[in-house]
Every structure is written in structure tokens, then in C-alpha cells.
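Heads up, there are several structures right after this.
Both complexes shown next keep subunit A, but they swap its partner, so subunit B is in the first and subunit C is in the second.
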Partner chain A sequence: MVAEKLDKEAAGQLLDAMYLDMFHLIEEHTQCRVNLERANASGAILLARTRFQAGGCNSVSKAQIPTENSAEFNALCRVIKAKDENEVNIERHEVDKANGYVEPLHWFSVLPPMSLRHAVTKFRDCIELVAESTNLQRQLTDVLSWISKLRQSVLKQ
Partner chain B sequence: MSLLFNTEWGFLEGIVRGFKNGMLKHSDYLALTQCDSIEDVMMSIQGTDYGNIFANDRKFSVDLIEKRLGEKLLHEFNYIRAHSTEPLSSFLEYIRYPYMIDNVSLLISGLNNNRPMKRLLEMCNPLGYFDQLAAIEVAVSSVELFNAVLIDTPLAKFIPPEFHEDTFGEIDVEIVRGLLYRSYLESYYAFCQGLGGTTSDVMCKLLSFEADRRVITITVNALPTNLTPNDRLKMYPTCGQLPDLALRTLSEIVDYERVRDMCNFAGYGDMFENIERDTDGLIGLEDRFLMLEAKNNVYSYLQQFHFGVFYSYVKLKQLEVRNIIWICECIAQRQTDKVNAYIPIPLE
Partner chain C sequence: MLKSTIIDTRVRLVPSVTLLEFLDAKKEHFEKVPENVAKLMKNEGYTLPLSTQIVKEQELSIKRPNIDQSLLRRLCADVHVEAEPAAKSTGKKNKKAAKGKQSSSEEVNEDAEPPKEYKNVLYLTDMHWLNDTLIQMRKDGICNLFLFELIESSDLVLPENEMKPRNPELEARCERLRAEQHNREYHKMTKNVDAGLKHYPEDTIAYQIKSLNKQIIAVLQFVFSVAAGFTFGFFGVNLMVGPLPFGFRILLGVIVALIIALAEMYFLAKKLHEYDEVLDAPKRMQQTAPKPHREAQSGVQALKPHAD
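Showing the complex of A and B:
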């Protein structure tokens, strides 16, 4: 009986720790989402600023973006599995036009203005934040799953 | 000269001064920045000199607003153009050439990405329409594109002599645009000089500022790229106040601070100073040039009996359209803290 009581206490402490982890993860995940929203909004307003400075919507336009009928090219940025199978990482490739790794900025201009370059930085940050958010989401899902299992095993006791 | 001017163009100068007086004032901008939605902005615009331009529209979007504002300017420009005689007619055609160059660049970019011509023509600036624009689609090689785009169009006179049909396809669209624009600006400058009188004084000042602005902007934008000094120099218009030595030096500079020093020396140092209104880092070098351009264009109205008022009206109206679209974008994206980053036009 004493052993049972000790087991329950240990399980309770473990559950407390896991709930604490859960709250920390929720906080980090929410903050990550807020940062993502901010970076995306900054990028969008910088694109609008580029159009304002260059004059008209055609300076940064849909017409300049490749379609499915355009020449093929390779992505500079890929999502890959990290060493820890449950996490994802971003793999970035150097620009290498000869091998199909083109700089997307050059679709719009070979002399891009500063506002467009800043927009590129913001959208790059967005990609990093999306990967971070995904990893946090997965960790949170794992913690919730463990909490659920632990609660069920404590109840059975 | 004033009597001779008025017999031919006095009516049109009066018309354009009337158009200019109908531009948005500070109070109109205040009303626009306080709108909560695109629909509110459209209602506010209809209360200005633009009138009921959205009467038949049911869907509300930033693109639609830009299109209708552009149509209003086109209508006013066409009215003036239709009533003009030489040399004002040629002067007004010169105002349209940059938009033609932009349209041709857009079409080449779009066709390179296999976009349908019909959709691309809808995206073109109506001020830059010309009959042969749609003929670009039928070109299947760079040689045919060269002939269709440049030889058989009003832009033919701006082709630099070193352009060859064999190498046209290898040059980036932006570089083609830069070379055409340089040639256009120098041609316009020579045309205005030939007109003489107040038109020459006012327009040469405005165009030389435009040339210097192009030089500095190309230099700054080319700093992080692999563009060679020779390629940069080819795009620099030579009709500005910057001397040839300054142009050659700027073409070789690879450092932002040295560009700044060079511009200090040439009298454009203020462009690189920080301004108090800029709290978010949104106002850059191009914006400061826009502010100075707006001021210079307003000053052109202080003199009478010259063609510069027509040029200045189009430039100021374009800036006004950009300001309205900026305000609309901020409202549409729910970033109203940045709504005051438009360029005020000092009309009052």
C-alpha cells in the first residue's frame, strides 16, 4: 500500500512536470505564431512599398513569376527530416544558375531595390519560423499524448 | 512669346491648371487615412475631384481602385492630347514613352513565363498602349522579338546603336529597360532644349534631376549584384548635373559610404540623411527622391506659358495615385500604423 502510494505520488509529480512542459510549449508555440504573423505582415507591406516606390503594381507583378509552363528550376530551400526523426529542418542551397538553382529575386529585377531585399529577408525568416512552429507543434502533441497515457494509467491504479 | 503661347496652348494650360487645383489636399489625405475599409476609401475618393468613378463596380479591391484612378488620368491626358498641336503633341508623346517601355518589359517578362497575352495586356499601363503592343506575342525567336518589340514600334528611336538582334535574347529585361530609358531621357532632354524659352528652363531642370536620380538609384541597387562597371555606365543618362567623371566614378564604386560621399559632393547629400517621420524604416532613398521630385514639379507651376505644367501634372497625379494605393494597401493589410508613410505633395 505504501508502495502504491509512492507510485501515485511519483506519477503525480511526473504529470505536474509534463503539464508544466505543455504550458511552456504552448507559450513558445503561440509566440512563434505571433512572430510568423509579424514577419509575414512586414514582408507584405515591404512588397507594397516596392510597388509604391517603383510606380504601379507591375513593378512587382504576377507576370514575372514562373508558371508551370516556364523553364524548370530547383528549389533553393527544402524541408528535410532532422537527425531526431520527429523534427524538421530547413536545408538551403547556394544560388547556382548553371545547375538550375536560380535566385527568385531576379525574377522581378536584376537591380532590386532595398525594400524588395528587406522583403526577401522577412519571408526567409517566415520559413524558419514555420519549421520552428512545426517542431513545437509536434513536441506539444507528444507531450499531450504522454499526459493522456499517464492519466489513464494513474486512474487504473 | 506669351501671346503666341496663349493662341495655341493657353486653353490647355488653363485646363491642366484646373486639373492640378482639383488634386487631393491635406484634408483629403487625412480623411483617407482614417478609413477603416476599402469601401470607405472608395466612398471618400468619390467625394473628391475624381467623382463617381466606381459607380458601376460591385467588387471592392485595391487593384480596382488603381485601375479606375489610372483611367481617370488617362481620360484627362487624352483630352489634352486630342486638343494639342505641335510641338505640344510631340511633347505629350514623350510623356507616354516611359510607360510604353514599362509595358514592353512587362510583356517580355510575361511571355518568357508563357503567360497568355490577353491577361498580360490587361496588366499594362493604359498610358503606354500603342498599336503594335499585341504583335509581340507572334515573335517566336529573339530576332523576331527584337524586330517586333523595338524596330516596328514608337520605341525604335531609343534603341542604342550597340543593340544587335543576335544578342538581344541574352540581355536581361531590366538591362534592356535601363538602356531604353537612358536613350529616351537624353532624347527628351534634347527635344526640350530645342524648344527653348521657359519650357527649356523648366524641363531641363526636371529632366536633369530625373537623370541624376536614375544614376544614383542604379548605383545603389547594383552594389550587391555582379553588374560590371561598364554595364552600369551604359545605363547612366548623361543629361544630368553629375559630370562625366562622377558617372565613371559611380560606375566603379562598390561601397555604400562612397556613393554617399560622391552624392554629398554633387549636392544630393540630403537624400541619405535620416528623417524624423520615418519610424519604421519604410522611407528609403527612393522616397526622398520622390519628395524632391514632387517639390520640383509643384514649383514648375510658378511660371506660365510653358509645357512643363503638362509634364508636372502627370508626375504629380501619378504620385497621388501611388499615395492612395499605399493607403489602401495599409488598410487592406490591417497595418494602419504605417498609413502615414505616403509622400505629401506640397500643393498649398
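Showing the complex of A and C:
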């Protein structure tokens, strides 16, 4: 009897903690998405600025991106599984021309303008934020499923 | 309508009547109350005893709670997942229906109805406070309620994007720019059909050479003044002061040339930047008023037919 009561108490506290955790996760996730939106928007603006400054619409354009027939190259940035099974990480590789890791900036010009460089860093941040957001979302889904399970077990008692 | 950025990222909870009544019933036992909760109770028509201390939000600790995973797994070991979602959603629906307030309609058609302003809401800090207080009260044996029992009848308001109508000024400007773009494309397309359109100023060689000339002159000026500065340092000082050693003369010349180069560099950069602006200007002018331009152009053509 006492053990059961203790169990119920523990379950209740756990459920409370999970709800609070859920609220935390929601807030963090929202904040993360807001940051992502900001980084993406400023990156896009910087890109537009580059095109405006370089003049003409052919300066920084899709036509400079390699197509299917171009030489092969390796990705500089990969999504990998973190040690914790449920999370993802971003892995970045150094630029290394000999081994096929090319610098994408150099497709557009040998001396890329400052705004283009800034745009690149912004979009890099975006990728990090996307990974972070994914991790948070996974945690949130986990917590939600745990909450529903725990509620059932609490209701049963 | 455009979605704007989420400004307030906080999670909000609209307290249910049960929660408010609970707060009212147990108010004697609260030692401290967060500012927001105090305000909320005042707005809802409840009073707080005078002895209660009102604390600022910043003073409360908010940390993500640690979850005992092993205990969680043990407790949930005998639970089947399948039946839960349906049961839960209907349970929620019932609650919403029972409440019969704005929340249900908002859930159903989010786009049609702009989200209502919630005045009295609980934030995360308040929930942390409530949780801590409840733990304390359970310890003291005052009540036997849990946070989840209190908040399950309340509505959760998630942070949402604010819908903003598009600024009409911006819309007009976009429209104008689009029209200009189309116009320019059309002119480009019909350039070699309509003879009158053939000679835009920036197409003629004279125009390009002229603008090139300006820049070349600016650069030449720079070179000449630096050379003159060196000559002055090399010969001029020598003539004035008397015979100087050769090395010192070169040094003097280089110093004077450097000073002049620095000053000149500044003006050169400024000038070249201005030329860029001037070069861009006719393009912009042409977008806004292509027709008058064309007439002016024909005038130019009449004056200098040999331009091309």
C-alpha cells in the first residue's frame, strides 16, 4: 500500500517534470526557429546585395553552380548521427582540393566580395540551427510520447 | 496577409476555472507569488492576503527539470501505446467542447480567425513556481494535487506568427518595379526591330570611351602627382638647402611621394566610387522614363551620327 502510494507520488512528480520539460522544449524550439528564420533572411538579403553590387543578373547565378556533367567533388558538410542515437550532428570538412573537397565560393569568383562571404557564414549558421531544431523536435516528440504513456499508467492506478 | 516573425516565444497557458479556484483556495499557504500570478488573480477578481510576498520573475529559478529515465521506463513498462492517441484527442475535444470558448474555434480554423489576445496567462516561470509550491504543499500535507491535474483543463497557447497585411506602399512599389522590369525586357527584345530604339547612350562606343576617359584621367592624375612629389623631394630640397647625400635625397623623395600618394588615394577612391554611381544612374533613369529618353536619344543621334 505504502509502496503503491510512493509509486504514485513518484509518477506524479515525474509527469509534472515532463510537462515542464515539454514547455521548455517548445520555447526553445520556437526560439530556434525564429533564429533560423532570421539567419536565413539576412543571408538571402546579403546574397541579393552581392548581385546588386556586382551589377547585372549574371554575376552570381545558378549557371555557375556545377551541373551533372561537371567534375565530381565531395560534400564539405554532412549530417551525421550523434553518439546519442536520437540526435544529429553537422560534420564539416576542411577545404582540401587534392582530395576533392572544393570551396564552393570559388565557383562564383576567385575573389568573392565581402557580402557574399557574409552570406556564406549566415547560411552556415542556418544549417547548424536546422540541426539544433531537429534535435529539439525529436526530444519534444519523445517527451510527448512519454507523457501519454505515463498518463495512461497514472490513470490506471 | 503575410506571416511575420514570432515576437514572443513564450509558451502561454490560459488558466482554467479549476486552476483559479485552486489558487484562490490555497492562497493562505503561499509565501511568495510571482508578479504575473498576482496580477492574474487580481484581474480575475481574486484577492491575495497582504502577507504574501510578490517576487519578480527574474528571481525565480527556471531550469529544465531532470527526468529520471530509469524510473520512467519502469513506470511505463506495462503501457500499450496504440489506444492512447485517439483516447487523448477525444478527451481533449471533450474538454474543449466543455469549455466552449474561443480555443476550440481557433483550433479548427486557424487561418480564418486571427488569434485572440489573451490577457490573463501563465508563463513558464509561473508554472515552475506552481510546481515548486505544490511539491512543498504535498510535503506539508496541505493538498494532494499534482501540476498535471491542475493544468490539464487549461488551454495551452503556443507561440504563433502574427499575421500582417502587406503594406500597400510596398505593394505599389513592387508593382512599379515589375512593370519597369517588363518594360526593359521588352525594349531589349525589340531593340533591333525598331530603328528608333537602336541607340541607347550606353550602347555607343563614344559613351563608353567617355566614361573610360574620366577614370583614366583620374588614375593618371594620381600617377603624375606622385611623380611630382618625388621629384620635389629628390631635386627641390637639394636645390634649396644645398648639396645633400644621394641616399638622403632618395629617402626624402620617397617620403614626399608617399604622403602625396596617401592623400591622393583617398580622393581617387572617392572619385571612382562616384563614377560608379554616375554609371548606374542612366540605367535607373531609363527604367523610370524610357520614352523621354528615347526622344533625347534621337536628338543625340541627329547631332552625332558618326558615333558608331
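To be clear about the criterion, the second predicted complex is superposed on the first by the 151 of 157 C-alpha atoms of A that agree within 3 Å, B and C clash if a C-alpha of one lies under 4 Å from a C-alpha of the other, contacts with A are read in each partner's own complex, and residues count from 1 in each chain.
Keep this in mind: a residue touches a chain if its C-beta (ideal position, glycine included) is under 8 Å from a C-beta of that chain, and two chains touch if they have at least 3 such contacts.
All figures in this text were calculated on a predicted structure; none of them were measured in a lab.
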Subunit B versus subunit C as contact partner of A:R138, first or second or both or neither: neither
Which of subunit B and subunit C A:L150 touches, first, second, both or neither: second
Contacts of A:R124 with subunit B and subunit C, given as first, second, both or neither: neither
Which superposed partner A:A44 touches (first subunit B, second subunit C, both, neither): first
Subunit B and subunit C contact sites that coincide on subunit A, given as residue numbers: 55
Residues of subunit A defined as touching subunit C within the complex: 7, 9-21, 23-24, 26-27, 30-31, 33-34, 37-38, 55, 145-146, 148-153, 156
In the complex, subunit B residues that touch subunit A: 63, 66, 102, 106, 109-110, 112-115, 120, 123-125, 172, 174-175, 178, 217-218, 220-222, 224-225, 227, 281-282, 284-287, 290, 318, 322, 325-326, 329-330, 333-335, 338, 341
Of all residues in subunit C, those that touch subunit A in their complex: 5-6, 9-11, 64-68, 71-72, 75-76, 78-81, 84-85, 88, 124, 127-128, 131, 134-135, 138, 146-148, 151, 158-159, 280
Complex contact set, residues of subunit A against subunit B: 41, 44-46, 48-49, 51-58, 61-67, 69-70, 109-115, 117-118
